[in-house]
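After this come two complexes, each holding chain A, first together with chain B and then together with chain C.
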Partner chain A sequence: MSGAGLLGATRAILAKELLLERRAPQTIVAMALFSATTYVIFHFALQRDSIAGNLASGVLWVTVLLAAMLGIGRLFIADRDEGGLDGFLLAPVDRTALLAAKALTLFVFLLVLEAVAVPLFGILLLGPSPGAGGWAGVLLVLVLADLGIAVVGTLVAAIAVRTRSRDLITSILALPLLIPVVIGASRATADVFAATGAGSPGGRWLLVLALYDLVFALLAWALFDFLVED
Partner chain B sequence: MPTSTRLYGTRLSAWAIATAIVLTAAFALAAFYAPIEADQGFSQKIFYVHVPLAIVTLIGFVYGGICGVQYLRSGDSRHDLRSYTAIHQALIFCLAALITGSIWAKAAWGQWWVWDEPTLVSFLIVFLLYCTYQPLRFSIEDPERQARYAAVFAVVAGAFIPLNFIAVRLADPLIHPRVLSKSGGNLPGEMKLTFYMAIVGMLLLFITLYKYEMTAKHGRAQLRALRRRLGTIDQEAPRGRSAAPSVNPS
Partner chain C sequence: MSAIELDGIARSYGDRRALEDVTLTLDEGATLVVFGPNGAGKSTLLRILATLLRPSAGHARIFGHDVRTDGWRVRGAIGFLGHDALLYGDLTAQENLAYQARLYGLRGDAARNRIAQLLEAVGLEGRADDRVHTFSRGMVQRLAACRAVLHDPQVLLLDEPRANLDPVAAELLEPLLGRTSGRTRVITSHDPAGGLAEGDLALGLRAGRPALLRPASAVSAADIGELYR
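On to the complex of A and B.
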């Protein structure tokens, strides 16, 4: 299969996913609502009006991770129910196109979610704002973490969609696999949200996130074909 | 299908005897020969159980991942069975390593769990991940797909282990000084001998249990095949859905 074919197929599937979500917004709306509600829950559960530092970082990443689980759980549902997977398997294109398109879909969903959820976090819960430089650092961490979540989420969703207890498998499989992302991302943004003044995300945490993204991207690339064989 | 009369695992007793001898010797050395560690005292001796358990756990998980790769490359269901058995046994060893680690934490720091011991925390995360192996297999009915997805899981989880160790170790700067390097590099001679003996013993235990489980699975499959040939198999009783791979008796 030529590289152009792979690229074209990826683009076609990605366009289909985004069109579906734009015509009948479901997943992203649910993820955004979920994250807003989670902030309210954190406010009452922690009994704090504003949070900073480690705590703020942790609340943000737990919220993003749990909202991402909603997106992961729904990633292949429409394709399985409406026969999209079978249609894709009949098409003479590289299977990797499905992986790339689905991972990009999840990545876009996460970015759109965060475009809502992170400003909301700043308004509702975060203590002192870290300033423009601080937010730029947060954006960098968000992009790196989202890449990891998107790749691992796609892999897990592809496994779980062919099992009977799909939603259970998605959660119990994705959460432990994503623990390194939470470690790296929450450490990276802890200094940015510090009450004493915004620091910058630590370089080694960005490195850990980048390493995680790289390893799982290669793994997903190598293994995805086995998940859509039949 | 011709059923061979060759029994699987005929050398099982030899492995079991070797395990008993080496493991008993290692524990005897740990109890009577290895000196009491100066800083931690008697409680340090649980290291001769805990660390070998942890090392053998990792070997088991990695072996399971390698068998997963071999299954994906060849489609030979024997590799799937090996992968399943290795991960199954390693999970039990992992639980034992966690429990002994917890006892050690209680003795050393007075708490059953310490979050600033990165290796122990890493093991907890790895344990939680591998706990999903059986539910995953159980929820896929088609045996061929079950084997394939389980192999993908074994490979992903195997690659996850080192990444997880890096992330957790960076996250927890070592507060407690390490009086005993786990690699055994700076141990005095008596401790080193005991430690290596314990690792060999634990590895033998793993191999014996692994072979025992394989033998049991093969034995059951052969029995079923023989019954089928005799025509005495009870057709009305369906084989229950299982997380374990099916064995071809041949």
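On to the complex of A and C.
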């Protein structure tokens, strides 16, 4: 038997991942609750009713990054605990399908998280709200940053799942690798969240994020087989 | 034609040698039964044949395809039933098999019919829409057997396949996993009488080394007992 093609296998795994999360919601709920709690902590720690500019941008992206760590840490949990990884490895399919499906899963989780966390940020912490154009710019930055987090997160999760110190490895590897995403995304949205409003994401930082995504996507594609196989 | 050829297969975990210098040939349609105490290397041998572990030395070929360099083709030819069911507890029996079917390129009516046929064969047709975490261990084992043969593999790699099964369930699995399935099989067993009755060739492992390799008909239960002393 020749097995499913790359696209077919990716779709099968993605559908299974989303069904598992819908059936027993854990990851997205945990990520959203974590974000809300983090905003409350920032609210009291900064002792300010509203924030803007660089500070607002930094708070948003640190919160998204730390919430993403929860998703990264749980990305291969069901596969490890229930043998699903072996189940996949036994099938005659391209290993890249697992990388693509897991990265897409994390990307979807992040988008769903942000559908809750960004409006909450606007209500709880953000000073003057940017206009529709500003929010469209934020959406573009979110998509580019989420792609980078999803790819790097999947790579790190695949390394960590085969180790005993999974949580430790995830944090130690993922956080430094994702610093460029936080830099690029927070710089890109700083002007949008400026108290004066009217800003749009800096094109230079959008390019940085897009390049980061491309480089790590290629790196992940080259390395992933070695990571999941013995 | 030889279905399985092992040539000096070995596997180490760090300094520990889990398997050493296993060489044998198994004909198509024949059954190799592997005996040995816990930790003797039985599961390691099966995982190497399943392409889940790379051998540290030697070559293993299934229908001429090397497990190390031609894993893709090997994986299409094998069905693996190990100690773990490789099923998701939060998915139903039907959903688990449908997911596996998609990985093997089975879709649409062909997949649906095959899944329905297998669930009926193992007596789980009435539980198709129940989540697997509600199943007993025996039922999970029956479903895992369906997963292993879903793509109609030529070779079955079975790690103590009748563990957790009552006699009725074991009887149900016979057409899928037994000699009558017509498949080439590698089975690990701790049951001398049952294992020897199923096997054409018997391999006994002790501390990773082959201590016995003979036609099953030329091996006695006492010979197997020696492996455990």
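As a working rule, the second predicted complex is superposed on the first by the 226 of 230 C-alpha atoms of A that agree within 3 Å, B and C clash if a C-alpha of one lies under 4 Å from a C-alpha of the other, contacts with A are read in each partner's own complex, and residues count from 1 in each chain.
We adopt the following convention: a residue touches a chain if its C-beta (ideal position, glycine included) is under 8 Å from a C-beta of that chain, and two chains touch if they have at least 3 such contacts.
Please read these numbers as outputs of a predicted model, since none were measured by experiment.
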Partner chain(s) touched by A:132 [first = chain B, second = chain C, both, neither]: neither
A:9 touches, of chain B and chain C: first, second, both or neither? second
Partner chain(s) touched by A:230 [first = chain B, second = chain C, both, neither]: both
Chain B and chain C contact sites that coincide on chain A, given as residue numbers: 229-230
Partner chain A, residues of chain B touching it in the complex: 72, 125, 128-129, 131-132, 135-136, 139-141, 145, 148-149, 151-153, 155-156, 159-160, 163-164, 166-168, 170-171
Sites on chain C touched by chain A in the complex: 50-54, 72-73, 75-78, 80, 82, 84-91, 95, 99-100, 102-105, 107, 131, 147, 151-153
In the complex, chain A residues that touch chain C: 1-5, 8-9, 11-13, 15-16, 19-20, 23-24, 78, 82-84, 86-93, 229-230
Chain B-facing residues of chain A, complex: 155, 159, 162-165, 168-169, 172-173, 176-177, 179-180, 183-184, 187, 204-205, 208, 211-212, 215-216, 219, 223, 226-227, 229-230
